[in-house]
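Chains: A, B, C, D, E and F, in written order; residue numbering restarts at 1 for each.
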Amino acid sequence: MKLIIAYIQPDKLNSVKQSLFEAKVTKMSVTNSLGCGQQHGYHETYRGVDVEVNLLKKVRLEIAINDEFVKPAMDAIIKGAKTGNIGDGKIFVLDLAECVRIRTGEIGNAAIG
Amino acid sequence: MKLIIAYIQPDKLNSVKQSLFEAKVTKMSVTNSLGCGQQHGYHETYRGVDVEVNLLKKVRLEIAINDEFVKPAMDAIIKGAKTGNIGDGKIFVLDLAECVRIRTGEIGNAAIG
Amino acid sequence: MKLIIAYIQPDKLNSVKQSLFEAKVTKMSVTNSLGCGQQHGYHETYRGVDVEVNLLKKVRLEIAINDEFVKPAMDAIIKGAKTGNIGDGKIFVLDLAECVRIRTGEIGNAAIG
Amino acid sequence: MGMAKHKLPITLALLALLLLGPISLVSAQEEEAAVSIEMFTINNTWMLVATFLVFTMHLGFASLEAGLTRAKNAVNILFKNTAIIAIGLLTYALCGFNLMYPGEFIIGGEAGFFGFAGFGLNPGDDPGIGYADGAYTYWTDFIFQAMFAATAATIVSGAVAERIKLSSFLIFSAIYVAIFYPIAGSWQWGEGFLDAMGFYDFAGSTLVHSAGGWAALAGVLLLGPRLGKYTPGGIRAIEGHSMPLATIGMFLLWLGWFGFNGGSVLSADPEEVSFVFVTTALAAAAGIMGAMAASWTIIKKPDLSMTLNGSLAGLVGITAGADVVGVTSAIIIGFIAGIIVVGSVLLLDRARLDDPVGAISVHLVCGIWGTLAVGIFSADHSIVTQLIGVVSYGVFCFVSAFAIFGILKATIGIRVSESEEMRGLDIDEHGMEAYGGFQIFTSR
Amino acid sequence: MGMAKHKLPITLALLALLLLGPISLVSAQEEEAAVSIEMFTINNTWMLVATFLVFTMHLGFASLEAGLTRAKNAVNILFKNTAIIAIGLLTYALCGFNLMYPGEFIIGGEAGFFGFAGFGLNPGDDPGIGYADGAYTYWTDFIFQAMFAATAATIVSGAVAERIKLSSFLIFSAIYVAIFYPIAGSWQWGEGFLDAMGFYDFAGSTLVHSAGGWAALAGVLLLGPRLGKYTPGGIRAIEGHSMPLATIGMFLLWLGWFGFNGGSVLSADPEEVSFVFVTTALAAAAGIMGAMAASWTIIKKPDLSMTLNGSLAGLVGITAGADVVGVTSAIIIGFIAGIIVVGSVLLLDRARLDDPVGAISVHLVCGIWGTLAVGIFSADHSIVTQLIGVVSYGVFCFVSAFAIFGILKATIGIRVSESEEMRGLDIDEHGMEAYGGFQIFTSR
Amino acid sequence: MGMAKHKLPITLALLALLLLGPISLVSAQEEEAAVSIEMFTINNTWMLVATFLVFTMHLGFASLEAGLTRAKNAVNILFKNTAIIAIGLLTYALCGFNLMYPGEFIIGGEAGFFGFAGFGLNPGDDPGIGYADGAYTYWTDFIFQAMFAATAATIVSGAVAERIKLSSFLIFSAIYVAIFYPIAGSWQWGEGFLDAMGFYDFAGSTLVHSAGGWAALAGVLLLGPRLGKYTPGGIRAIEGHSMPLATIGMFLLWLGWFGFNGGSVLSADPEEVSFVFVTTALAAAAGIMGAMAASWTIIKKPDLSMTLNGSLAGLVGITAGADVVGVTSAIIIGFIAGIIVVGSVLLLDRARLDDPVGAISVHLVCGIWGTLAVGIFSADHSIVTQLIGVVSYGVFCFVSAFAIFGILKATIGIRVSESEEMRGLDIDEHGMEAYGGFQIFTSR
């Protein structure tokens, strides 16, 4: 089992969800995040003082998934999120040691989906 | 050392904290999250347009913990969060390679608690 | 590759970012979080009813990083966040199995930075 | 309002007559009018200004109530407040006005307790200068009173917030405002038996605020507390989601009160209206100080939400006697009201009566205090008569509100389901959220 | 406003003359004035009260529009509304006032369609009691009308929100308010050809609201919808970010309307102003009920944003005939407007005309309805003439707005870039955010 | 206000006398009054309307200040503004009113610089028509002036926000409003030495706004900047947390200013009040344009918070001469004020004077500008005299405020602890948060 963490552009959330659904990945958790990456930030000013904003708004996806779905899920994320511009985001994959469904107490692969 | 990630219903946060305290787990971090799982979303309408909300509000717990506490902690979470209804949530467990307490520089098992 | 998760005091975000930059770590993601740790909470009252607040506002950093940068990054975080007071925070390190840059499809070490 | 209803203060009228002496010879129309056309126009204009000020109170209530409750129920509260003003105005036009000012009583003799002048608005022959001796027109009379009527229902809204079913609440409000509030009002302002008895309630500490407060109490008793408010482990605080909104609400209510009390003079009489402005403002200020002092002493912190309540407590407290008590008395009444409201909020909470915004403490408890205070601080009024009035309204309003809520509870139900309450009324009752797309700030 | 412009209601003037009969012998100045100095003062005071009420509507629009759009564009909307009131007042002083009330027409004969009394403000010999037969001073006339003028541009602001370029919008507003709105206004309130024809628009269902609404429609057509609003998969909802803000906006607009309609009596005439208060308030209330009923029926939920629109729809609907239709008619007009606005919002969305706040439905559609309703509910006015007025304004306003927006589109462009729209106009146009440092709540 | 205090404009009085000539024969009471009872009533009514408008400014300040500061200090700011209005009204009743309008001076001769008419309110024999020659009643006089007094302290509140200790601030405000503001005020409006000298400040550019601004400056100097505002690396922006709240604040302040300036005519004189409305509104509009232009030019972005300040700058600027400068001058004064405020905000920041809401720039700097502008744009006033006035007030207000803050600093301290400032004043001073349970949106 793996845990996929993906940072994407906020406005891509819908299309990523769409392509994940097409890849039969329907479970995920979404959080707001601020990201600092290759994408340049921008300058705000507030009352004449320059504000360098280098934390940009991103959406963070967390998907626990069985190993055989990792590749399709990653492809789906890329499909939904890629524009070719800086700031498109990253995908990280971690090993997942255990998984439990609270409602039933099921564990492991059975619990994940 | 393990890192437990748990998604629970927001209104269960207090009872989960309670049962974790009883299990002597007193350190944790809490974040808002939106979840997409087995639980059906619901329909909103805004000015006559249907809005399918399939990202439901969840609370995400992150608990770094020594191995011997993993089982009691998971049981405590289940005890506090379980209602038997869809949407109760999930627990994920990852291996934790290292842990440092910033204040003291302590590392590993000593730092976690 | 490793994934560093650090919880710090919110008002230390700027100095941590600063010292990470000095250590050539320029990519990260930041989230709000509420923490429950050794630091005591405080009491609020609302309309005469006591509110024990034991979830304190923290900032959560997530940094995916190549192995050789782990130590410098951790040192930088400590340098930026440490005051010696309770509540300074913790750093957790996980193994990172894979990493992909969505824009280019690069993977692994190349994608991380 | 009080007894001067439909009559201009005598001093003013006399002066005006003197002034118009030589003129009235040349003007047939003027012979009938107690005041000049100019005085009529200024009186009427002031009453219309007072009307829009009272209107503003509805926004005040909406803001205060939304601010002191949770974000997940904000749409519901805003919706209720929007609907109430509409229901209040329309039902008052349909029958409320003619129940409250029936002209003649049907039951209870000349100064009785029930009368009805028929459905709809009927301006009669002279809706103008001849209508109320030149104090205002028929239309002004109606719209000013209609704005008052709607406030009684709004008071209930805050107390029953975060758990009441929308439809039941709307039905309750419509019935209460259309029928029970005006009947009760007729006893005093409609020149019914309490008026005849010498009871005094200038602008409605009892007739409006307690009337709303009793209904709020009935609602809270029948509804029970919000989930999770009272646990075996003790009382839990359920924090309001926006103090700026609550503060805006308080200021707008105070603003509106200048019209609520100032308009209850029922003319632009310079001395009386300006005196009422002074007592009203100083009582509100003293209420703030009282609540600040009380909360700083008891809770050890200067609690903003309590202090906001304190200003409203002072305002409710002065409402019954704003024109008949002195300036120092007004300050004392307000200060005590500010202390009372803090004590009352704490006690009601201990008594496990869950009132999210403190409506019962502000409007009922301080409404009673203000009504009795007239008997204490004004030599011309008896505290016994005041007490009789308080009890009469208490029994009538509480029983009728309890009955309406009770019947609704037994039939269509008055409380939302547990899961709906958990998730928030906004989603289940209205299918929308107050702060859409804000928390996941950029997903669209 | 209407035909009584610059003339006091006759009854009032006659009465005043009678009253002043014996006095005018001793006062040379008084011989000329139609009313006493007292009546003049009260008339003028009421008009100034109405002026600040109309001013409040600008805050109402700012709040409503900001609440019904996304957080990322809130600064932009607030900025536009702040700039518009400034631009509106200044350009109206520069030329608008003298285009709208030219005195004499240059083109089109005595009651023509274009005239201009010159740049700047020119109070003439007697800006006081002799100016408008004692109804108000020259300065009051200007400032009251100027507040009206700015609302027309504000209406556009909401419809084109979240995608229009700031500079283009400001240029559009300046031109439209300075030149086209007043020219159109002169046809009726400036005693031009429509006034001569018997067209009736009391306070501006057509002259103000439709005038704004037509321009909004032109803007929406030329701009296209917001990104992601209409996808191949269907219509997507783009939720407003703050319902409390939107509700505050609605209440403040209603409050302002008491001045908008009440001030359009153009004197403090007690009967007329109070009657207008009643019809205005009841139509708003009925609009709420209409929209509530319609949304509960069609969408199956009592939609707050629709209900807020409903109250405004009722207000726009009654604006043309607030002084000439009966109370029951006012309720019917408002109720129907409430239903119309819900239907119109749904239909415009199906037609893929993206109007984030419903401005076209509220101001244009209900403005037309209200204007025609005068012909239906008032025996003294003909629906045909009303229709001629509606069409005349429609053609002129739509064409001129379309032309201005079209030229801007062809030159400097009217729409922000795609990436700017995605990120929010606040950051790219203004370099700041509406809720700074709030979401990452403690990073400083 | 100005010199006309307690006197009706002469034209009006003369007219009224003429008018009342034949009538005064039959009315003994009328012989004494300068105006008819009708004129008295309308004057008084307008002054009461102006009073509630000035009241609204307190909500305006509360909203503006809360919006331009951080969420973690919002409760504190709202609390301060709630407490200040209470303290202001009560202390003004206790002694402020009688210090400001002492009748006779004790120190400094007939037109001196200190006098005191005793504690409490004392309406005297005729608080009505005989009190101020029929301009308003004693009570109106008090409540209108009391609302003014409280604004001076509110101005300070914004400048010292986010770091001042609540108790120290409340003590400062009470002393400053109760004693120093009214003494200074007596020099001009109380017919003291500056009035005698020919100094002119119509509604308080100097007497109210600069008086508050000087105190704000003293506070900022003694407090020092907020933590993290000025770092070795340069100036950091600390963003306000809610632009909608700030914008609501600006609009409400402008609304209130119609009463602040319009009421300072001290009667309902049609020409004067309406003229003041026009100059006030156009100066505000021009201030918006000035600030917009300046920020677009200097900062390269149309900054909303600066533009909001610009409108207030225009309003402060016109306040001293709203009745004596022409329309074009009003626009110029406002436009320059709008530019000045942007420059001043930038310069004060460079000078490391940390004023979170720009209160010093708006109220002090533009207050001085407005006062001097009277000397420039009005032929009847000398810029030298104006300068003498500005300096007199500057020395007195700054020194006294500095002394009070200094003593407080040396004794109980004026600044919260570093950790309290970090965590936010809301939690440590008030034990609550402004947006409770909102960010972790559903944990309860």
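Of note:
One rule holds for everything that comes next: a residue touches a chain if its C-beta (ideal position, glycine included) is under 8 Å from a C-beta of that chain, and two chains touch if they have at least 3 such contacts.
All values reported here derive from a predicted model rather than from experimental measurement.
Path length between chain D and chain F in the touching-chain graph (shortest route): 1. By the residue-number overlap criterion, the interface of chain B with chain C counts as different, with under half of its numbers used by both chains. Inter-chain spacing, taken between the CA centroids of chain A and chain D, is 52 Å. Work out the mean CA point of chain D and of chain E, and you get 32 Å between them. Residue positions of chain B touching 2 or more other chains: 11, 30-32, 34, 44-46, 51, 55, 94-95.
In chain F, the positions touching at least two other chains are 22-23, 36, 38, 42, 45, 49, 228, 236, 238-240, 242, 248, 299-301, 303, 305, 431-433, 436, 439-444. The part of chain A that touches chain C in the complex is made up of residues 2, 5-8, 31-38, 55, 58, 60, 74, 77-78, 81-95. Of all residues in chain A, those touching chain B in their complex are 3, 17, 26-32, 62, 64, 94-103, 105, 111. Chain B makes touch with chain D in their complex at residues 11, 32, 34, 42-46, 51, 55. By the touch criterion stated above, chain B contacts chain E in their complex at residues 44-51. Interface residues of chain E facing chain A in the complex, by the touch rule stated above, are 228, 422, 427, 431-433, 436, 439-440.
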